[in-house]
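Written below as structure tokens is the structure these notes are about.
For clarity, chains are labelled A, B, C and D in written order, and residue numbers in each chain start from 1.
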Amino acid sequence: MTLFDDLTRAIGSQWTDYTEHEFVRRLGEGALPLPAFQDYLVQDYLFLIQFARANALAAFKSTSLADLEQAAAGLSAILHETGLHRRLTAGWGIAPEQLDAAREKQGTVAYTRFVLDCGMSGDLLDLQVALAPCTMGYAEIGRALAPALEADPRHPYRDWIAEYADEGFQATARAAIRRLDELGADGIGPRRFARLAEIFGAASRLEADFWQQALNAAAPSAPADPSQKETA
Amino acid sequence: MTLFDDLTRAIGSQWTDYTEHEFVRRLGEGALPLPAFQDYLVQDYLFLIQFARANALAAFKSTSLADLEQAAAGLSAILHETGLHRRLTAGWGIAPEQLDAAREKQGTVAYTRFVLDCGMSGDLLDLQVALAPCTMGYAEIGRALAPALEADPRHPYRDWIAEYADEGFQATARAAIRRLDELGADGIGPRRFARLAEIFGAASRLEADFWQQALNAAAPSAPADPSQKETA
Amino acid sequence: MTLFDDLTRAIGSQWTDYTEHEFVRRLGEGALPLPAFQDYLVQDYLFLIQFARANALAAFKSTSLADLEQAAAGLSAILHETGLHRRLTAGWGIAPEQLDAAREKQGTVAYTRFVLDCGMSGDLLDLQVALAPCTMGYAEIGRALAPALEADPRHPYRDWIAEYADEGFQATARAAIRRLDELGADGIGPRRFARLAEIFGAASRLEADFWQQALNAAAPSAPADPSQKETA
Amino acid sequence: MTLFDDLTRAIGSQWTDYTEHEFVRRLGEGALPLPAFQDYLVQDYLFLIQFARANALAAFKSTSLADLEQAAAGLSAILHETGLHRRLTAGWGIAPEQLDAAREKQGTVAYTRFVLDCGMSGDLLDLQVALAPCTMGYAEIGRALAPALEADPRHPYRDWIAEYADEGFQATARAAIRRLDELGADGIGPRRFARLAEIFGAASRLEADFWQQALNAAAPSAPADPSQKETA
């Protein structure tokens, strides 16, 4: 049992509310409306910029050279991913100017700044636990949706699914799981675990809200939904 | 013209979208449903805890004893306000246990962590500008709604309106306006102003979302609104 | 056994190198040259400003209202102490202008910024452990030197010794000891303890250096000592 | 006139006290005792770890992707430099275990934590100004000492001098000078300039103390120098 397993178990259905969200299900079926996916991609790009900052924060909080190097590698990987993102979005009909002019929506602000604040108010383990739903969740989703690619050679979201199903991303996620165990190797008492589970649960809910935010953006009948107002 | 005036002008209707929001208007008319107000109060209590942290951050970022003392006084004032809040909410039918068990909603997380991050990534002026919509906006709302108290001696939201219309709070807001000018006394170039206006606009939108979040909570037809999911 | 006891034991003679430093011994005997004491007082004033910031940081890092209130009280207490300091130094022949114009020496910079960085890179317990040598050490020194006041009714450093021997300060130190145990109540594994002992040891050495810095300032034969150059 | 020129002028002889320090002069003459150089190298290694953290902090404080990428590149470059350092020190008679077991001295703690705190309490420009004496100073020293290598083909400190005289490092320093001007492009008022000059002066004095610390370590008659006590 890894710490990640313990945390997933501790938050119960909040984990699957995120990893099996309607957005994910419809994406796997190839039935997700393109506008929802485009809205998600734009917000995810803005999200990555803040996640790069979160990895920089992890580097800053490191007390050993090994920790520093690991966090710096994470930072470089995310910055590389934003480049990929810029190219991919073009293929999905989003012009680079659109990406640059986009504004963070409330769900994007809430999730990203929550993670950054966990890192500021807590220690490195608090920060990595706040980052975990993103890495581990996407890896799980990639594995779950991969069979859909075999079934449908012309799957509309092939590139996205393939990226997270890929062994490279899977290895990153496994390394992140081991990393949590290393950071917690000293023993995690009940109060600490409760705090970590609180962070992990909140981050998972914020991930689910992030999917929902994209669904709402494409919903024909969502004119007055305040969560869709661009907020920052 | 104060910096605050310049910022308010720069963000245009985003300021009045917040200060003249439907929640505010109905509160002034005494027509706001109690559940919306109760939902607001609970979230506002959670909000104050994070705002106390933002003032602590301002103290930490101070480089002079005078700045430190001012920020420490702000911190004490907010902590005092949370005590008041605990007592007031009881009068509005919210048990202390309910307050303690409450979870931050997405709009609360987004606004509070955004402000904290402005303080972490920028300097003291960035932080104070992020805090400004709260202080100055509430003072403006207090002044705007005060006449309603004279018109209706049994106004249901008298205590709340009176608190922000009160000369004590008004003086605090005026001091905060002067403070922005002190912090910017050295001259604010166009790039810096654009960044400050961006922060001020985002914080104002997040305030408006905060009102909307409470309206949604009490709306009979808002079962599936994701912005109402408790997120952190 | 408190965590504080464990930490004191873990760092061995580094604790007494600080609490029984020559500066302390001569201060107790009333034999400390006034210039050394004056130099110390000026640097200690600059030190307190940074320690106020460290308490503000503790407030910022708090995740509960109770933690916030405790840290805010600590911040207020230190700011109050700086006022006392300003008045006391006048009595010891240091003009207020001298205090305001003073520059931090290297030992002052090293100690204060080390503590602040422990708080930024670690969590609340790391920060409180970095602050502990100051609070607990001064209380211990106050108790150790108190008998000297009875022996000598005209002790030249009576006011200083009396302040730290006073029950008020002793109670603060006892509360700080209990606080460390609360923060560590969840269990402290060997790796974490090693890290805390490293912080505690470094802070104790930096305290000893702080005494030595003042002795050197008053030493007739210390013209070229680089540690006495004012550095920040 | 660049901002860097203005800052150098503003701090007067504090700049040359650093760049033309006795350590530098004797290093250029090939007359620096090896123990002084070895002591410097070990502390410089510890210094680089904290400077990597300072660059991570710059990345965290970035608000644009371009700033983030620049800071991340700086972080990678420093981490790369620590690897070089580990290999170079072996050639100068310092075993890797010695490097790993080394403890930061007071001058190392003071300088590094001062820079980190400038970054935490201020904004990105404050942080970059605190980092400037290191980058620009070493480039200036490299240029000043380069002729010594031509005069003496068997110069004992050839590798060190060559590294900083190298066009690669010189280009980095020129880019850092331009970077300061970009960050200040919006205009720097007198109060802000005074604050930046204060930071720049303090960092330069801390650099000079860093050289002196190494000289003292090798001085036969410096047994009781408290600045040589290992502090953190």
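In the analysis below, a residue touches a chain if its C-beta (ideal position, glycine included) is under 8 Å from a C-beta of that chain, and two chains touch if they have at least 3 such contacts.
Model, not experiment: these values are computed from the prediction.
Participant: Taking contact as defined at the start, I'd like the list of chains shared as neighbours by chain A and chain D.
Facilitator: Neighbours common to chain A and chain D are B, C.
Participant: Mind checking chain C against chain D and telling me if their interface is mostly the same residue numbers on each side, over half, or mostly different?
Facilitator: same
Participant: So which has more C-beta pairs touching, A-C or B-C?
Facilitator: By the number of C-beta pairs in contact, the winner is B-C.
Participant: Centroid of chain C to centroid of chain D, CA atoms only: how many Å?
Facilitator: Each chain's C-alpha centroid was found; their separation is 29 Å.
Participant: Which whole number of Å gives the spacing of the CA centres of chain B and chain C?
Facilitator: 38
Participant: Centre to centre, by mean C-alpha position, how many angstrom separate chain A and chain C?
Facilitator: 44
Participant: Can you pull out the residues of chain C that are in contact with at least two other chains?
Facilitator: Answer for chain C, listing residues that touch two or more other chains: 53, 60, 62, 120-121.
Participant: Quick check: in the complex, which residue numbers of chain A touch chain C?
Facilitator: Of all residues in chain A, those touching chain C are 60-63, 120-123, 126, 185-192, 195.
Participant: Considering the complex alone, what residue numbers of chain C touch chain D?
Facilitator: Within the complex, chain C touches chain D at residues 53, 106-107, 109-110, 113-114, 116-117, 120-121, 202, 205-206, 208-209, 212-213, 216, 225-227, 229-232.
Participant: Name, in rising order, each residue of chain D that touches chain A in their complex.
Facilitator: Counting only chain D, the residues touching chain A are 49, 52-53, 56-57, 59-60, 62, 65, 68-69, 71-72, 75-76, 79, 82.
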